[in-house]
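Structures given as structure tokens follow.
Presented sequentially are two complexes of subunit A, the first with subunit B as partner and the second with subunit C.
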Partner chain A sequence: MTVIDAATSTPPHAPSASSRRAARGLAAVMPAFALVSVVFVLPVLALLLRSVLEPQPGLQNYEAFFASTTYLKVLANTFLVAGTVTVVTVLLGFPVAWFLAIAPAFWSRLLFAIVILSMWTNLLARTYAWMVLLQRTGVVNRTLMGLGLISEPLPLINNLVGVTIGMTYIMLPFMILPLHATIRAIDPSVFQAAALCGASRWHALTRVFLPLTASGIAAGALMVFVMSLGYFITPALLGGTSNMMLAELIAQLVQSLLDWGLAGAAAVVLLTVTLAIYAVQLRFFGFGRAAG
Partner chain B sequence: MSRTAKGMSWIKGLALGALVVGAGLGVAAAQSNSIVFTSWGGTTQDAQKKDWAAPFTKKTGIAVKQDGPTDYGKLKAMVESGNVSWDVVDVDGDFAAAAAKDGLLEPIDFNIVKRADLDPRFVTDHAVGSFYYSFVLGFNPASFGEKAPKSWADVFDTKTFPGKRTFYKWSTPGVLEIALLADGVPADKLYPLDLDRAFKKLDTIKKDIVWWGTGAQSQQLLASGEAPIGQFWNGRLFALEQGGTKVGISWEQNLTAADMLVVPKGSKNKEAAMKFLAEATSAEGQASFATDSGYAPINVKSAALMPKDLAASLPDRHTASQINLDMAYWAAHRDEIGKRWYAWQAQ
Partner chain C sequence: MTFLDIRNVSKHFGSVAAVSNVSLEIARGEFVTFLGPSGSGKSTTLYMIAGFFEPSAGDIRIDGAGILGLPSNKRNIGMVFQRYTLFPHLTVAENVAFPLRVRRRPQAEVARKVEEMLALVRLDRFADRMPAQLSGGQQQRVALARALAYDPPLLLMDEPLSALDKKLREEIQAEIRRIHRETGVTILYVTHDQEEALSLSDRVALFNHGRIEQVGKGRELYEQPSTRFVAGFVGHSNFLDCTVAARNDHRADVVFPDGSRLPGTPVHRGAHAGAAAGLMIRPDRVRIGARGAAATSAGVDAVLSDATFIGDTFHFVATTAWGAPVSIRVPASAPMPHQHAVGDRVRLSWDPGQARLFDN
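Right, the complex of A and B next:
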């Protein structure tokens, strides 16, 4: 608790010292800030301008976006995929993070290495690997058919199932790492305290442990959800055209239709949603907690 | 800490940031005696590299850097920002026509490129043919046993020929024409396209369609049996056969078009780019590329330079029921069809 206090409330008696420290910190972040300005902020502003200036000044691109059932379907599908992936990632990632925190050093290091290694492997290679596994003539379907469990190949690719599997796998480390940090920081003696106060194991888990890990879950979920919202390669390769996500739509508008005004509007919608979710997160969990 | 010292560190920070950015730009600008050629990758670009770029570099000393895949959004961004890093680009025919209209292309210098030698169907003021291809019906013989699909209608017949079918993903000439032909529209009545009818026909097999976005992907889908029937570039099937894969081809109502070579407006190596076009469209360049790729030459003098047995497999020997895709129609309706196409795909 003391950590959170320090992060959220400034000691009232030392304003000058902290502002001096902040100023010195500011100088150090200038290179990064300049880089981000040039390669991120300026292009985003340019795209925003295009969305209200092309083909003529006005809001017609936004009107077109929200008037089209297709684009709204793509937007809804983007949320559906990001939401599904986030939920599955929490369910799968939580036990792993927990195990990492309590397992003997050898096993915990080994599992950690596996998690990190998968993160370091090329994204495209991993996605193609899933294609090989999941397609109709792929390893999974052949095995199941060979065992006589199914007679027709299961549709595991070019649909929501394929996207969810592929993206969950890629997002898992982003859930496990912050959650693991949170769980490790929990003082084990709180369980003894809970037991001494008469709590059952189930109570200790749901009333003590889970609330203490809430900030880690929230941080991981935010990371996964926001990253999923803008994902491109995996949905493009493992999804079908009827499961299109917003990033794919933007690429299509930019590359194929050359309609950059509408693409800009779609990008602004995506950015606005992302920032809004981040703001909600900050409001409820605070910056220190959001960072895990 | 004094005010000036703080100011200094600000400046240092900014300078460092500028240095990082500047270093990136410097790399991009340091290209002189070379051009960048951008195409679609895979077996096609390999042949372009071997048959056009290598002899060109040998003759002129100008290096040819390969880039890809072609991306119309990037091309437009380069021209608009004035920072054009592609000198010669292989594009679809309908894009070449539309881009010329939008002022994205340099006019071809016909003092350097010999216009008289080129098939007039595949030359415009702003583009020269790269190669000439057919969309053909391809299938995996292992999947259908004795039965061999022949017509486009067979691709829509999921009872006789079960399994996924694969078509080109992007909104370009081809799939809509195939749907109309399969629905019984006579070849000479294709244009203007009856879009309602085409999409209605496509709806009948929509759930069975797997889209291919690149030629390599189409090869993978067919060879693995993932999608045992569909629409393919004839050269990609030729490459599969060369690699030892058994492939079935029907040339009935094959649909032809040419890829075009263009020079983006503002290319920094315009003259070298034009020389490259001359080499690429020369009788020899086109003949050796056709030999390696299975696509037909756009230079009328190339056929004489090619092995006789090979010529039999080229699109220009299957003219009996051949249909030319109408690029003028497509250039005029590209945006309208594209919007509808992608909306239909996403539904």
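Right, the complex of A and C next:
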């Protein structure tokens, strides 16, 4: 964050001073850079290499991955779940972030505490809690049946529905927090200005508020979508064996089949997609605009 | 005749009376400023006209029709705020076009009007900039163009220049005066800078503690202040403590603490016989003369205690026999009967009609 801010606030008419500062900055981040290369880039490189070297050099792992309808279905599942989770977190997170920004201090602090505490609670515990809630005889099914809305328990677990519900819950804070920051940064007097300009509430919402929050929505959506693409625990616990997601597949390829080459190919596919999405985000929202 | 009619308007925030019983009639095309110290209720009054606050009591009418039932977006009022309120995601041209677009005006009209408005505020070349790429002064000029784009009959401005430096402020003040002349829009302008108020407006309403103390042309406020607060707030003034000895309809005789008596000082209200009062005299209306000269005018004896030359004026401080300081300003070009020096025993005099008496 600080690095980004420093980069964008550098005055364009002072190239020599800024490049000197950049050089000094580079020297300062070298150790961190080296550390990141070792612990992050090297394993990724190793994976990449294994995907094209094992069992023999070539692209056969990628061919196998894209030729198999099973694997493609896993890829489709992954995108479907990540996409649904992203859309639902936007729809649920937006009003919550808005409420956090405008509610009286007591309520916004309370809600904020709930959001943060849920984030800090152990992931496994939260996922198991959803298993309890969503199972055939769980609270959700019993309530719905008690209300007479359904006669048979709904299959809410061991399928993509369960995965989507559980992941939406886990991802929600990653949408709410950046969105909340964006909304908080908007000067409320622009809405007074909009009103005097003749804008109805609807116009103020669609022509001022939503465009001003777009960068926050994009930042939150990117975060949620990318995290969802590679998520493991929740799909593994709430999903069924017939509807796997990519991370589960990779784990299975490595642990059960010891097929490092194919696992590497699947991981590289995931990484490529993630980087592509990030590039699109940068293209449309840029560093500066995403930050401010 | 009356265009904007503010009638007995009050606004309470809990137990705080931000505005108390303010009434003001403004003619079409007039330029009126609200002047007053911080927290005196200027913005609150403006915001009630804009529709951001609902008055606790009273009525506001435009052209005879009550506007209090209308939401802000239906009032057709323009406003420029103290803070920069351009829409940060829209270009300069799109900001100015915004009020026209929400009114669904045809595209050709929008384009023509945007061009006209940007020319009016002399920012034609900046149409495609984003607000963040403009200086504060330029942003406020765009805000002015946006506020005028839909030809509102009334323009509200809440300290629009307070964040700018003095030179830029004066430059934009001149622009605002020109735009007022060219468009004929009625302007209500809030400021706590009296120079700004006096130089811009036809009339000044001086606020204090949520009330209007006096309304009038700047010169009236300066020369015929109706309260001690007005006398103290507008321009520089000396207040000399005294006691009212006798009082007729409009004038009073006073006695100073050293026993000297001064007849015929004008009184606006109050200052009954026997009351403690303050005699107000402007520093530029006090003359310095030699002691013992024929006392044709009102005055007191004093000793010069300080003399400074500030550019085009001499600034003296004299101390009366009872120790009260009196500040005096003399234009450097004025003919001086003799040179004054610190320590001189002098007679300070003034036309009785130039002083005023207020209750203490």
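Keep this in mind: the second predicted complex is superposed on the first by the 271 of 292 C-alpha atoms of A that agree within 3 Å, B and C clash if a C-alpha of one lies under 4 Å from a C-alpha of the other, contacts with A are read in each partner's own complex, and residues count from 1 in each chain.
Note that a contact is a pair of C-beta atoms (placed from the backbone, for glycine too) under 8 Å apart; a residue touches a chain by one contact, two chains touch by 3 or more.
If you're wondering where the values come from, they're calculated on a predicted model, not measured in any experiment.
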item	value
Superposition on subunit A - do subunit B and subunit C clash or fit	fit
Which of subunit B and subunit C A:A194 touches, first, second, both or neither	second
Residues of subunit A touched, compared between subunit B and subunit C (which is higher)	B
A:L35 touches, of subunit B and subunit C: first, second, both or neither?	first
First, second, both or neither for A:G146, with subunit B first and subunit C second	neither
First, second, both or neither for A:P211, with subunit B first and subunit C second	second
Subunit B versus subunit C as contact partner of A:Q252, first or second or both or neither	first
Which of subunit B and subunit C A:V74 touches, first, second, both or neither	first
Once both complexes are placed on the shared chain, angle at subunit A toward subunit B and subunit C, C-alpha, multiple of 10 degrees	150
First (subunit B), second (subunit C), both or neither touched by A:R24	first
Smallest distance from any CA atom of subunit C to any CA atom of subunit B, in Å, after fitting	33
Overlapping contact positions on subunit A, where the subunit C interface meets the subunit B interface	none
Contact footprint of subunit C on subunit A as seen in their complex	187, 189-190, 192-200, 203, 207-208, 211-212, 214
Subunit A - residues contacting subunit B, complex	20, 23-24, 27-35, 38-39, 68, 70, 73-74, 135-137, 158, 236, 240-242, 244, 249, 251-252, 254-260
Subunit C residues within the subunit A interface of the complex	50-52, 71-79, 81, 83, 85-89, 98-99, 101-103, 143, 146-147, 150
In the complex, subunit B residues that touch subunit A	1, 6, 9-10, 12-14, 16-18, 20-21, 71-74, 76, 164, 169-171, 210-211, 213, 224-226, 335, 338-339, 342-343, 345-347
